[in-house]
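Each remark here refers to the structure printed beneath this line.
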Amino acid sequence: MNAMLIDSTRCVGCRACQIACKSWNELPSEKTQFFAGKGYQNPKDLSATTWTLITYNETKRRGRFDWVFGKRQCMHCLLPACATACPVTALKKTPEGPVVYDSSICLGCRYCQLACPFDVPRFEWDKVFTKITKCTMCADRVAEGMEPACCKACPTDAIVFGERSKLLAEAHARIDANPLNYVHHVFGEKEMGGTCVLHLSDVPHQELGHAGGLSEEPASAYSRPAMASIPFVLTGLGIGLGAVSWVVNRRQQLAAQQKEIERLHEIAEQAEGKEPGGTNS
Amino acid sequence: MTSHWIDMIHADVAMVMGSNVVENHPVAAKWLARAKERGSLILNVDPRYTRTSSFADHYCQFRSGTDVAFVNGMINYALEHDYIQREYVVNYTNASFIINPDIGFHDGLFSGYDEAKRKYDAATWQYEMGADGMPLRDLTLQHPRCVYQLMKRHFSRYDVDTVCSITGAPREDYLKICRNYTSTWAPDRVGTWLYAMGTTQHTNGTQNIRTYAILQLLLGNVGLAGGGVNALRGESNVQGSTDFGLLFHILPGYNPSPLAAEQGLAAYNAANTPTSKDPKSANWWGNRPKYVVSMLKAWYGDHATAANDFGYDFLPKRDGDYSHISLFEAMYEGRIQGLILLGQNPAVGGPNSLKERAALEKLEWMVAVDLWQTETSTFWRRPGTDPASVQTEVFLLPACSSVEKEGSVINSGRWAQWRYKALEPVGESASDLWILDSLFKKLRAEYAQGGALPEAITKLNWDYGTPEQPDRHQEPDVHRVAREINGYFTRDTTIDDKGTPKSFKKGDQVPGFPMLQADGSTASGNWLYCNSYTGPEPKDNKLARRDGKDAANEIGLYPNWAWSWPMNRRILYNRASVDPAGRPWNPKKWVIRWNETEKKWEGDVPDGPWPPGEKHPFIMRADGHAALWAATLKDGPLPEFYEPLESPQHNLMSSVQVNPAIKLWHKSNPELNPVGEEATYPIIGTTYRVSEHWQAGAMTRNLPWLAELVPDAFVEMSQALANQRGIVNGDRVQVVTARGAMDVYALVTNRFQPFRVDGRLVHEVGVVWHFGWEGIVKGDSANVLTSHVGDANTMIPEYKAFLCDVRKITGGVA
Amino acid sequence: MTDFFKRTSSGLLVLYALAAFGLLLIVYRFVMGLGAVTNLSDSYPWGLWIGVDVLAGIALASGGFVVAGTVHLFGANKYHSLTRTAITTAFLGYLIFIFGLIVDLGRPWNLWRALFNWNHTSPMFEVAWCVMLYTSVLLMEFLPPVFERFKLTALHEKWKTMVPWAIVFILGIFTFAMTDSLIWTVVVVFVLLFWELVFRAGLSPRSIQMPLLMIIAGVMFSTMHQSSLGTLFTLAPHKLHPLWYSPMLPVLFLLSAVMVAPAMVIFESIVAERSLGHRAHMNVLSSLGRAMPWLLGIYLVVKVGDLLARGAVSDALSISWQSFSWWGEVLLGVVLPFTLFLSQDLVQKRVGLLTAAALVVLGLVWNRVNVAVVGMIDLEGDVYFPYWAEIFITLGLISLGILGYRLASLHLPLHEEETAATH
Amino acid sequence: MSPTSAAKPDPAHLLERLQEDLDNLSAEVWQMRPLVFEPQWVAQAAVWQAQGRPQLPDTVQPDPDAVVFAGQRLASLLEAALPNDGAGFQGLVRWVQADPVQIFDLIWRDQGGDLLARIRAAKLPEELAVLFAVLLARPFRSWIAQELHAESRLDGWKEGSCPLCGHWPSLSLIADQEEGRRYLWCLHCGTSWRHPRLRCSFCGCTDQAQLLHLHLEERPEFRLEGCRSCKRYVKEFRSTEERANLPWEALFLGTAALDLIAADHGLLRDSPLIGATTRQFPQRTQGPRPVPGDHSPHDHTTSSNPEKNR
Amino acid sequence: MNLTRRGFLGATGAGVLGIAVGVLGLTKAAGASRRKTFKTAETKESSTICPYCGVGCGLIVSTRDGKLVNIEGDPDHPINEGALCSKGMSLFQVAQNERRLQTVRYRAPGSDKWEEKSWDWALTEIAKRIKKTRDATFKAKDGVRLVNRTEGLACLGGAALDNEEAYLYSKLARSLGVTWLEHQARI
């Protein structure tokens, strides 16, 4: 299972990765104006033509002012919320690691945008023949035995590509090697059931623009109880409704027969009344 | 750079001052990161908290323009605590030299200052010579007039409190920087100093570098692995264009271009060839006549004979100052009719851009050669100009990019590397080589019918394998040019090479510049590059070598990768990295080592073949010793602090407000050269670059992906200043100086903090200068704000400190 | 044409105008893309259309299965007269919903993909299947009046015999699709077949006008997707405001759908009576009205109980748009109608019934909009307000629905007297 | 898909199984401890590496019964993997079973000429027989490589040939995960070593105009790097896999189509199979190296200079 | 890496083992007949140095029949070891950019637009103008001293020029007697 380890302490904010991503995926540039973040952040956020973004954050670290850079992109979760949500499996997790998207079967319902806890999938609002766009961990390059374009471009090796277990070990080794220099938490190790993009940082991860307060269970855990109950509810209803309607209709039928019988009696009595003094009961 | 990029890894402490290495040389950050992993400290001193500061271990802010005060204080700190490598200083620097008895320094001025001419007479700064013609020395460094004592007295005025008051640096940060950096005085610890335009672009730019050199020499860091004074140059071949003399004051190989007073080659040689009586001084510039003659032979070939001084008379003799500022001042006065530009964009990059753009209109014709339609090529239709009123003819020739032509470039670390041609030039673009070659062919044809001094052109030795009629599909043979630069024998000669006679045939390539002769038997376009192309075949082109084998000392010299001048030496002055007996100061990271048994040097190419102790290490200096005391500079033998031309603060060190030796253009050419006062322009302004754009911006603002990252020019200011002016992040503001104004966005940030200077708060703002009216993203260059005032020695403009004001643009005024 | 304008009442004119304008905008949407017609963005992928057309639309169409269920399954024959109108409303409601969904989908031409690319973990997958199949069930329920109108008795008889087997088949596929396991499919099919045989044997087949199995299927499908519309939002714990987010969302959605059914029927009958002149049987409606407080009460208890259980009371008491909107929904939508329905005389009068029912319907729509739009928190603080075109398209669709209903009730024997006449 | 293999399972499965069998064979032979590792080999390896000479110690002789075992296992293994087209193949199996030690001895002491003579005498399919011999010696050489390279470093080695056994590389990997660095791989001992890109591994020519990269139009990631000056080539591919667990043998056999392309372009396959039989120490001359001839039999006897060919 | 997924075996046309067997000459006849002409392409790779800052990073440019295919960092280059910064990464867009100047342009005095001209015309005109300006402002003597300089002509530029180009530019300018010779090193 391939993964990426992004160490924001090594990132110097040169954004070679943003260019490499646009270059390899041939994404057009956006009309941007001035800056969006606290530093030179552009464009403002991920978009249909920007699949990865360096965030510029001014913060305090150990009492001193610091300027730290985070990298926003698809986290390629192990059990992705978007794949769980997508009604037609247009988004699915591949064994090699990347979560890939197939526009030929996508409905465009945008449920994946709602479900994604990291707010990553983007939609082409301005086009008629639209599709969902997001970072694909360069699945085509990985398939050809190459590492993703942003890993290849990073001059200070802040982004490293490799086997997830190995990268996790490397991340913890780095934390143990200089404990003062890192927050003792690898973002992505457990979030939403664990992701294939792991972040190391010397400031709390939320300050780098990463989503906070995420649970450790995968998204499917939220919808599983309801979805799992379908067959039981179906059968239960089938039996229950059938029984109730049977009982009620049976009773009504009997009541109807009873009334029928009584009506017959009345007719019969009226008929007797006309003859010698019927015993009107 | 005296060392090179990879060498930074060996630094125990790396000082980044006057440079934003992480933003403007990002890949260098890789080597600093590895140094950091090895546990070395990165220090960063910058008016603004940049990406380098966030990368560094310690950061200290200081007011733009006060670099001399800051580092003089560090020198004083080192001298006071005796953090100096004594053996290195005594043996290898001129600390022990005695100075002329009449030397004096009073109230900020050295002796010999002529107020009217604003010039020094350096007679009183010279060494006191002994009877044998050798300078007097006191190795105990006690003599009151020895350089060491003069320095102690001079720098003692820069105590920590005064320096912090001038520079606005917080005291504890300043002390932390001093303590950490001066810790490299120990022989086995070494510090490297990385600087760039932040240091040089001041009125006392040269003295800024002098302070670094003095401190590095005192700490014994020059010549060692992980040491040296390293200028991080901004362009891929600015080192090469300087090596080949594209500056008014030098010819290729740093030989001075002839002055009007130097009539004839003999006079030139006499004036420019230093002599030394000290047998132990190599005085390498003593070989200058060989190099100049060889160059002239390369230029004028057979026509250059001893009789006609090898064509010396053809060279133009200059009189006065022809630097960039004087050039545009002359152009403004209409004294220049024609301008040829090869890949330069002064309309954005030049200081006081409004005056320079106005000057361009005075031209009759202009030739611009570039990859893009630059601002300079369309100055005639810049915003606010009526093209009809501009009578200049403009030729805009399309040049091809670096991947569409073959040739070599030399990087900041003096590695000359070969580039292969991967693609055909796009459209009708052509390489600059072809353009120059074709232009010359046309000129030769024109001058065949006569004109002023036609021989200067027609007799040029110019044949690079292209037909007489230029044809774009026939490139000049770049290898032939490279071989001419290296140099060849013009006739069969035998030379004694260290005793053994060696004979060469006519046309053989010269193996190295020690073989160059002054008698015209050798020709070499640039002596520094002799040894770069030592054979007739492309495989002898050392610039194209790609062998990654490291030298024996395994410190990342990579001697077989490409080639570096001189003679493939990777670290300059590396003889200073060993003690007089030849033992490396720092055995763990030795650069060169004397092998006693085999009687030869190991490791890097040494500064000269002599065994240890036979020659002083600083071979390019006449006396062979590093210059703590530099008598050749125009504004003082020792660095003295003066305020920038436009400064909000009077000089606390002396009554001399501004560098006494600079030319004051606002007095000689007042038009469009006003100087702002603090009253109307209270805020310090500076200019800088961002990682995503490059120089005048043509090469990046025309690229959609880079344009998207930094789309607009902006001014960065502190939160305090923003609050004071009612400005919010993202507002359109106007930055205005006495010379010009520009509308930009305001980036309010905590990365700028006000400075406490002389007890009061002073604000500083910084503006990015890459922008112009061409390209995908447009704007204006911060150089409409900067002024025509330059450094005393180099005339480099003072971009980094001026006075400005920032006003919020309210309402409709967009 | 001119007399057409004179003849139709001003109200109808407005409906025709809205419907036409809505259709025009829909065409514009498909020419220019979603961005040109909506204020939707990456932080608000779902807006008014999902809130109103989808969530509220389906909930309000619950009348169909609730009324049919109570009448046919629970024997409450007195509401018999309402079944046909309720089913018509439901059927038209679902058609409008599907049309609205197509407008909202980015790539509607792939809708059929849902049939072949199965994803059992996705609530949307279940909603898609349920809606497709339930619409077909509704179509079946809707057919009898059509047969009667066009006197296709042969078809009617064939319909009666074929429907049960169609239902078994539909439910079979549905179960298999949902569970991907043959065992469950067999179980469900067995149960249904069992009841069908029992019904056939026990009750006289002919006498039952409506095959019970179809009604059961109607109720089953509705329970499925009314609840799974709620499950949709369980996947977005980090985005939906704690006031609405809860694991009980499916139950809340189902309960509110059931609760609004009678109110919708009341509302629609009274309105239909005014415009179409069909006498609404006050006694039937008021008895429905009397059932309302029970439903409102249960829903309120579950909703508030769930809020307390999740400890989100503090959010309710805090000052924010969300809390105002929550209180509005609960007070106006549930508590006020609860009190109105309790007062005996009000239940008798048309006006009273109409206002109370309208309030319940309004409350339901408000709840759905809250969950889909108001409750969505955006980190960067963008605020979403529907673009005017979105509103007009929604109005256009609703008016189409109403016009459809009007057409149906004019031409089809939906009402009591008509059915009696043709019997 | 070619007719013959239609019946058989997809060739990739075949190759994958062959790869696993070969790895298992090496593991089994290693467990038998056929060789005694002498510590001074490490020091000697460092000295030889500095001189540009392969590190394989020459005075070592694995014990014969390990060789016999390897021979049997290899024969059975190839029988399963390769299609048996009539007589040619059966003869080979019998030839191996007859006297594996003799074959092993020839290949171990790199007596290529004698080995070829015997193969031709037995009228066996030449290439496959040599492949068989190489695979026979492979476990023993790779064991030494394993032990040696645990201690002695390889990064000082700048030659194009194998640092351990001196043969020409059979495959070239571009390790994209390590910034695109290039590693060459030797079929004979399984060693992979770092070698610069844009440089012919055979003649060291760095004139980039001479180098060419040919590949199938739609599969650019599998290509061959050829050199116009010395007319030789090596097959090259990109991967982010760890070098240790790459299926090298399967890749070598699987990319045979590239060999065909090379032949079309007049690049001589200085067949590592034929080349295997002679341990040339490539004298790195800057210019094009004399082409040692392709399939045509030529004198494989040891080169004239004994000291060189130790 | 399992081979089947990679599918490269299939892609090489015939069943590879058949080919392998063929190529290895096991069954020479079979091998030859199965030979399929493969649609091959040639990728040329060459090294270059980044035109932006002074670090001098190495890059590898790959082109396929004259068209730029990819630019990546040069892994064997000791300074950048295959890494690049944002500007280096964008070199692809310098080589392929429709905003690049592709024709010779001339602007007549007072005109407000460019005219497209041929190279030959432009070079001839420029040579004429240089000659006119040089001859007009050439000063052989300054008083008694021989100076041979022309101050009417200024030459700017070339920190991005190659060394060989800078050398020829310096040689040409000095031969013309130009003293106004400057470039970016001083600004």
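For reference, chains read A, B, C, D and E in written order, and residue numbers begin at 1 within each chain.
Operating definition for what follows: contacts are C-beta pairs under 8 Å (C-beta built on N, C-alpha and C of every residue); 3 or more make two chains touch, one makes a residue touch a chain.
What you see is a predicted model; the values in this text were computed from it and never measured.
Colleague: Which chains are in contact with both subunit B and subunit D?
Modeller: Correct list: A, E.
Colleague: Going by the stated contact rule, which chains contact subunit A and subunit B alike?
Modeller: Chains that touch both subunit A and subunit B, as defined above, are D, E.
Colleague: Please give the pair of chains with the highest number of C-beta contact pairs.
Modeller: Counting C-beta pairs in contact for each chain pair, the top pair is B-E.
Colleague: Farthest chain from subunit C, going by the mean of C-alpha atoms per chain?
Modeller: The most distant chain relative to subunit C turns out to be B.
Colleague: Where the centre of all protein Cα atoms falls, which chain's Cα centre is nearest to that point?
Modeller: Ranked by how close its C-alpha centre lies to the overall one, first comes E.
Colleague: Using mean CA coordinates as chain centres, what's the subunit B-subunit C distance in Å?
Modeller: Subunit B and subunit C have C-alpha centres separated by 78 Å.
Colleague: Find the geometric centre of each of subunit B and subunit E from their Cα atoms only, then give the gap between the two centres in Å, rounded to an integer.
Modeller: That pair's centroid distance is 26 Å.
Colleague: How many angstrom lie between the centres of subunit C and subunit D, each centre taken as the mean Cα position?
Modeller: Averaging C-alpha atoms per chain gives centres 73 Å apart.
Colleague: CA centre of subunit A versus CA centre of subunit E: separation in Å?
Modeller: Going by mean C-alpha positions, subunit A sits 46 Å from subunit E.
Colleague: So which stretches of subunit A touch two or more other chains?
Modeller: Touching at least two other chains: 14-16, 18-19, 23, 145, 152, 155-157.
Colleague: If I count partner chains per residue in subunit D, which residues reach a count of at least 2?
Modeller: In subunit D, 179-180, 196, 198, 208, 220-221, 239, 241 touch at least two other chains.
Colleague: Residues of subunit B that contact two or more other chains, please.
Modeller: Touching at least two other chains: 26-27, 30, 420, 546, 548, 691-692, 704-706, 709.
Colleague: Strictly by the criterion at the top, what is the full list of touching chain pairs?
Modeller: Those chain pairs which touch are A-B, A-C, A-D, A-E, B-D, B-E, D-E.
Colleague: Which residues of subunit D touch subunit B in their complex?
Modeller: These residues of subunit D touch subunit B: 158, 196, 198-199, 206-209, 286.
Colleague: Would you pull the subunit A residues touching subunit D in the complex into a rising list?
Modeller: Subunit A reaches subunit D through residues 2, 141-142, 144-147, 151-152, 161-163.
Colleague: So in the complex, which bits of subunit A are touching subunit E?
Modeller: That would be residues 14-16, 18-20, 23, 143, 145, 152-157 of subunit A.
Colleague: Considering the complex alone, what residue numbers of subunit B touch subunit A?
Modeller: The touching residues are 22-23, 26-27, 29-30, 33, 49-51, 53-55, 690-692, 704-712, 714, 730, 745, 747, 749-751.
Colleague: Okay, in this complex, where on subunit E does subunit A touch?
Modeller: Touching subunit A: residues 1, 6, 72-73, 80, 82-86, 88-90, 92-93 of subunit E.
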